[in-house]
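Once you scroll down, you'll see the structures, which are given as C-alpha cells.
Next, two complexes with chain A in common: one pairs it with chain B, the other with chain C.
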Partner chain A sequence: MGTGTLDLPVKSETAHARMRRWYSWENVAPYVFISPFFILFGIFGVFPILFALWISFRNWKGIRGGEFIGFENFTRLLTDSFFHTALKNTMILGLLYTTLMILLSLGFAALLNRPMRGRALYRTAYFLPVVTSMVVVAILFKFFMGSTYSPLTPVLGMFGIEFRGLLGMAWAIKPILLVMMLWRWVGFNMMIMLAGLQSIPAELYDAARIDGAGDVQAFRYITVPLMRRVIAFVAIVSTIGMFEMFEMPYLLLRSGGGVDRAGLLTAPFIFQQAFELFKFGYASAIAYVIALIIIGLSLLQMFASERTASE
Partner chain B sequence: MTEKQFSRREFLRVTGAGASAALLAACQPPPVKVEKVDEVVVTAPPMEPVTIGVMTWFNHPFKDLLPQFKDSNPDIDVEFIDSGDGYSAKVATALASGSELADIAGAQDNQIKLWADTGGMADISEYMAPYEDKIVPYKLANSTYQGKTYGIPWDGSPCLLYYRRDVCEQYNIDPEAIETYDDWLAVGQQLVGQSDNKHRLTGLEKTNYFPSLNWIRQQGGGLYDLEGMKVIIDAPEAVETLEFLKTLWDSDTIFQNMDMWGTQQASYKDGSSAIFPQAIWMANSIKGNAPETAGKWGVAPLPAWVRGDSGTYTYGGSQLMIPITSKHKEEAFKFCEYSCLTQAGSEVLWTSGDLFPVLKDAENWEIINEQSDWYGGQAALRMFAEANGKVTSYNFGIGWAEGRDIYTQAVGEVLNGDKTPEQALADAAKEIRDRQDLG
Partner chain C sequence: MHVANTHQDRVKRKGRRRRLALGRVFTHIVLFIALLAFLFPFYWMITSSLKPQADIFSMPIKFWPTRPTLDNYLELLGLIPSVVIDGLGGHTIARFILNSTIIAIVYTLGAIFLASLAGYAFAKIRFKGRNALFIFMLATMMIPASVGLIPNYIIMAKLGWVNTWLPLIIPSLATPFNVFWMRQYTTSVPDEMLEAAKIDGCGPFGIYWRVVLPVVKPGLAALAIFAFMSNWNAFMVPLIYLNKTELYTLPLFLGFLNSSSVSSRPVPFHLVFAGSFLSVLPILAIFVLAQRHFVAGLTAGSLK
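Entry: the complex of A and B
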C-alpha cells in the first residue's frame, strides 16, 4: 500500500438499506403531500376523459352497457343537421364574440388605464357583471325583453311600437346571446388587458411623444404590439368560452335552441344528447370533435400571434 | 409458583377490552318479544327500523302523509332528500351510471320509458300486479316499458279551463258558455277589446308543445301511436290543431313568447292571463305564488273541437320509481303503495299538493264531492274526476324527448309563417321517423 493513504473499511450499503432509505418518510413525504391533487385529478379529470373516449365508440346505455359500434357515432356527425346548426351557430357567435371582446376589453382597458376621475368606480362597474348570477340575469331578461307580457309593452305601445317579445324572433336570438355574453365577460377580460397595459414601460410612451407620436399612433405602434400575447390569450380563452357556453343559452332557450334553433350551441346540444336523450356515446363523440376543433383554433390563434410578432 | 406480574400495558389492554364489552352490551337493543314455550325461552330477533330515502321535486305532500304512514309502518323511517336544481339531469346520470340515488325517486310520465331503458330502474311488475285493474289506464300505460312495470303512478293530470272569476264578472263573460275553441277565441277577443289589452286568454311560447300537442291528443292523435311504433304527428287532426294555433297566435288574444313558468305565474297572479286550459296540479303552484287569489278561481269543462264532443286531455303527470340500486325495495314500495295506491294516502296528496288520485274508484270517495274555497266553492275535484275518466291512453314512446323537440320546432315554423301546418308537420314526422327508425 502506498504511504499516506489509509485504507478504511468501507461500509457497503445493502439493497435492503437502500430501499429503506429511499422509502424513508423524508423522501416520501413530498409525494404524499402533493398526491391529493393527482388522485382527485385522476378520478375527476383523467378518468372521465378516457371513459368518454371509450363510450364514444359504443352505443352506451348506462349500466346496461352497449355494443361496440366503431366510428358510427363520429360518422353520424357528418349527416346530423342539428349538429351542423349547433356548430355553425357557435362558429358565427364565436367569431363575433371574440372579435368584439378583444376590441371592447382592450378599448375599455386603455381608457381606464389613464388618470381620470372615478377610475376605480368605472373599473368596479365594468367588473360587476362577472360576479352577477347568470340565472338572475337570464330571468330578468326574460321578464323584461322576452315576451309580450313585459313592462315594456305598454310603454312602447304609447309610442305606437308593437312589442311582441324578442325571444320568439329567430333574427333576435344571436344578437341577444352576443350582447349578454359580452356584457357578462368584458369586465373580466378588461382586467386582463389592464394588467397587460400596466406592464408596458411608461418610457416607451414618453419616447414616442418626444418623437411626435399622437395617442392613436402610440396605441397602434406601442400598445398593440406589446399586448400581442395578452390579446392572443383573451382570444383563445374567448374561443374556448364560446364552445363551452351553456348556462345562458340553456336558461334562455333550453337545450333546443329556440325558434329555428337560432340559439342552438354546441354545449347545450351535447347536454341534450347525453342527459335528455341518453345518447351518451354520441354526446361523447361530439365532445371529442369539439375538443379537437378548440385545440385547432387555439393553435391557429397562437400561430397567427407569433407570426405577427416575427413580422 | 411464581406470581404473574401485570405490566401497565397489559393492565390497560384488559381494562379497555372489558369496558368495550360492557359498552357494547349496554348499547344492544332490548329483545322485542319474549315468548315462553314449554319452559323454553325463545327470543325473537329485534326489528331494526329501515330508513328509505325519497327524492322528488315535490316532497312536501309526502312529508304531510308521513305520520299516517308511520302509524301502520313503524319499522320504516323515511328521509326526504332535497334534490336542488337540475333534478332530471341528476337522476338520469345516477340511473345511467348505476350510482346510488335514493330508494324512491320521481319521474315525469314521459321519462319512464327512456329512463327504464338505461337499466337503472327496478322492475316492480310483481309488486304492481294486484293494482293493475285499479289504476286509470292512461297512467298505467305510462308506467310500463317492454311489458314490465317500472313506475308507480303518482298523480293524474287532467286539464280543465281555469278562469278568473273577478275578471270574468268585470267583463260580463260566462266561461261556462265556452263550448268550442272558436267560442274561446271569441271570448278572448271580447276580453282584449274591453280591457284594452290588459287581460288576455293566456300566454304561449313558440317552441313549446303545450297546449297544441295536448289539443291533438284531445282528438285522439299524438306524436306516436299507442304501440309507439308509428309516428302520427302529420295526421289531419294535428294539421287542424296547428291551423287553429296560428289563428290564435295572430289574434292578439294571447301573450306571445311567454315563458311557460316564470312569467306565466306572474300573469296568473295579476289576472292578466284570465281564461286558459291547465292541469289540476297548476292550482298548487298558483296557491304558492299568488295566495291572495284564493276564491277568485273557477274551472269549466275544456272547449271541444266539435260542438258537443267531450274529449279531454292531460298535461304533465308523474310516477314514482325505485332505482335498481335501492337496498330496501320492498320497504320503498310500501311507502309508494301507501302514498299513491290507497285512499288515505291519495287524499293527503290531494289536500296537500293538489295531486289527483290515480285509482279508478277515487270517483266514489267522499272527498271528491267536497266544495273547494279556492275554486270559489266549486266541487272542483268532481269536475277534474269527470275529465280524468274521459282521458284516453297515449304513448310517450322512448324517443319522446327528441320527438317533442322536433315537433316544437315545427310549431315555431308555423307560427313564424315560414311553413304551412301541413308542410311543417310532414317535415317533422319525416325527421322523427328517420332519426328513430319508425314507421
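Entry: the complex of A and C
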C-alpha cells in the first residue's frame, strides 16, 4: 500500500516528462523549420502536378472548368499536325544541340584546363552570356539575324553575300535557334566540364605519357571514359533545356514558330494552347506527354552512361 | 654513335617544342575568335545604345558611335518627349526598374530564409520522415515546370492574384533546388559547434540563427545571387500574370518594346538597346564582383 502510494506519483512524473519531451520545442522544431517551405511546395509544387492530370481528362477552357471527356485530349494529340511539328522540331534541334554542346563545351574546357595566359579572361567572357537575360539575348539575335542593318551585312558583303535578314526564311530558322542557344549556354556547360576535368588525377596523364601515348590518345582513353558521368549530365540538361526553352523562340518567332512553323517548339506550343487559346485541358495533356518524354529520355541517358561506365 | 643519339634527341626535342609552341598559338587563335563571338553582341548593344536612332539604321553600318549621345537613355527615362513612352501610359523605365528591384529583393530574401531553415533541419536534425520527404522533394524536380503552369494559373485566379506581383514571388519560393543546395552546404558545418551552442543554452532556432547562418554565409550568398538573377530575368511568369502596364517588370517591358505587332509601329531599337543594357547592368556588376559565388551557384549540384 505504502509502496503503491509512493509509486504512483513517480510513474505519473515519468509519463509527464515523456509527454513533455514529446511535445517539446526540440522535437517539433524540425517540422516547424521545414513547414514554410513545404506548405508552399504542397500548394504550388505538388498539388498542381496532380491537378494538371485531372484537368487533362477534361474539356477545360479558361478558368471556368469543363466536363470529363476521357482520353479525348490525348487521342487528339495523335492527329494534331501542329503538335507533331513541334515535337519533330524539338527532337531534331535537341539532338543537334546536345551533340554540338558536348563537343564545344568539352573542347573549350580541355583547351582552358592548362595554365596559360589570359585563362581567367577567356572563362569570364565565355560565361558572360549565361548571366545575361534570355530576353536580351533574343532581342540581340533578332536584330543580328533579322535586320538589314545587322553587323552581319558588311561582314557577309565582303564575301559577296547579300544579307537582308534571315528570320523570314524557313531554312534559316533552326540554325539561328541552334546558334543562339549554343551561344547562351556553352559557358555554363564548359564550367561543369572544367570541374570534371579538374577531378581527374594528373598522374594518369603522366603515366600515359611515359607509356608513349599522345595528347589525342590520352584524351580518348583517359579523359572521355572518366568524364562519362559529367558528359551524361550535360546531355540530360541540354536535352531537357530544348524541351523547356520558351523565352528565346517566343521572342524571336512568337508562339507560332515563324515561317512554315520551322521554329515551332514544344514549350511555346504549350504556352500558345494554354494562354493564347485558353485550351487548358488540351494544354495539360500536352504538358503531361512532354513530361513523360523528358523523364524517359533522362532515365535513358543516365542508364546508358552507367552501363558504358561499368563496362 | 652516342653523340649522334644525343643529337637526334635534341632535334626531336626541338621539334616537339616547336610543335608545342605552334599548338599553343593555334589554341590562342581559336580561343580568341570564340572570345570575340561571345563579346561582340555586348559591344554592339552598348555602342548602339549610344547612337542616335538614325545611325542604327544607316548604310554603311557604323561599328562605332560617331555621334555619341545619351538621348536614348533620356527618352527611356521620360526626359525627352517620346511616342513609345506615351504609348505605355507615360510609365518610364524608372518605374519598371523599381518594380523589378522590389520583386527580386523580396523574392531573394524569402527564398534564402526558407531554404536555409529547411536545409538546416534536413542536414542537422534527426526527425521522423526526414529522408522520405527529402527524396520525395528531389524526385519532383524531375517533372518539368510546364506541367504545373496551368493549375498554378487557376489557383492564382481563384486567389485573385492575377495582375499582382504575388505569382512572381510566392510559387518560386518553393523551389526544391534551393533547399537541396542549402542542405548540402549545411552538412559541412561541424557537429561540435552545434553541440557547444546547445550546451550554452541555445534552442533550435538560436542554433540556426547564431551558429548555422554565419557559417553557411558563402552558400547563402551563392543562392542569393542565383535567386536574384533568375527572378530579375524571369519572363514567362510575368507575361502570363501581368497585363497592367504599371505592374510590368523590366524584361516584360523589353519584350513589349521588341514586339512589332503592338500598334503596328516599328521596333524602337534605339530604346531596346539602351533598355537591354540597363537590364543586364546589375547582373553583370554582381557577376564581376562575385564571380566565384556565381559560378558555384550556377553549376551547383552537377557533380554530386
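Assume the second predicted complex is superposed on the first by the 274 of 311 C-alpha atoms of A that agree within 3 Å, B and C clash if a C-alpha of one lies under 4 Å from a C-alpha of the other, contacts with A are read in each partner's own complex, and residues count from 1 in each chain.
Definition applied: contacts are C-beta pairs under 8 Å (C-beta built on N, C-alpha and C of every residue); 3 or more make two chains touch, one makes a residue touch a chain.
Keep in mind it's a predicted model, so treat the numbers as computed, not measured.
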item	value
Clash or fit (per the criteria above) of chain B with chain C on chain A	clash
Touching partner for A:Trp25 - first (chain B), second (chain C), both, neither	second
First (chain B), second (chain C), both or neither touched by A:Gly94	neither
Which superposed partner A:Ala170 touches (first chain B, second chain C, both, neither)	first
Which superposed partner A:Lys61 touches (first chain B, second chain C, both, neither)	first
Chain B versus chain C as contact partner of A:Val259, first or second or both or neither	first
Winner by number of chain A residues touched, once chain B and chain C are compared	C
Touched partner set for A:Phe246, first chain B, second chain C, both or neither	second
First (chain B), second (chain C), both or neither touched by A:Ile139	both
Chain B versus chain C as contact partner of A:Phe280, first or second or both or neither	both
Listed stretches 7-15, 43-51, 97-105 or 421-429 of chain B, narrowed to the one that overlaps chain C	97-105
Common interface positions of chain A, toward chain B and toward chain C	63, 139, 142-143, 147, 149, 254, 271, 275, 280
Residues of chain B touching chain A in the complex	88-89, 92-93, 95-98, 114, 117-120, 197, 203, 205-207, 255-259, 262-263, 266-267, 272, 324, 399, 401-402, 405, 408-409, 412-413, 415-416, 418
Interface residues, chain C side, partner chain A - complex	24, 27-28, 30-31, 34-35, 37-42, 44-45, 56-61, 63, 114-115, 117-118, 120-122, 125, 127, 130, 133, 137, 140, 142-155, 157-158, 170-171, 173-174, 176, 179, 203-205, 208, 229, 232-233, 235-236, 240, 251, 254-255, 258, 261, 269, 272, 276, 279-280, 283-284, 287, 291, 294-295, 298-299, 302-303
Chain B contact footprint on chain A (complex, rising order)	61-64, 139, 142-143, 146-149, 157, 164-168, 170, 253-256, 258-261, 271-272, 275-278, 280
In the complex, chain A residues that touch chain C	25-27, 29-31, 33-34, 36-38, 40-41, 43-49, 51-52, 55, 63, 108, 111-112, 116, 118, 121-122, 124-144, 147, 149-151, 153-154, 183, 187-188, 191-192, 195-196, 199, 229-230, 233, 237, 240, 243-244, 246-247, 251, 254, 267, 270-271, 274-275, 280, 283-284, 287-288, 290-291, 294-295, 298
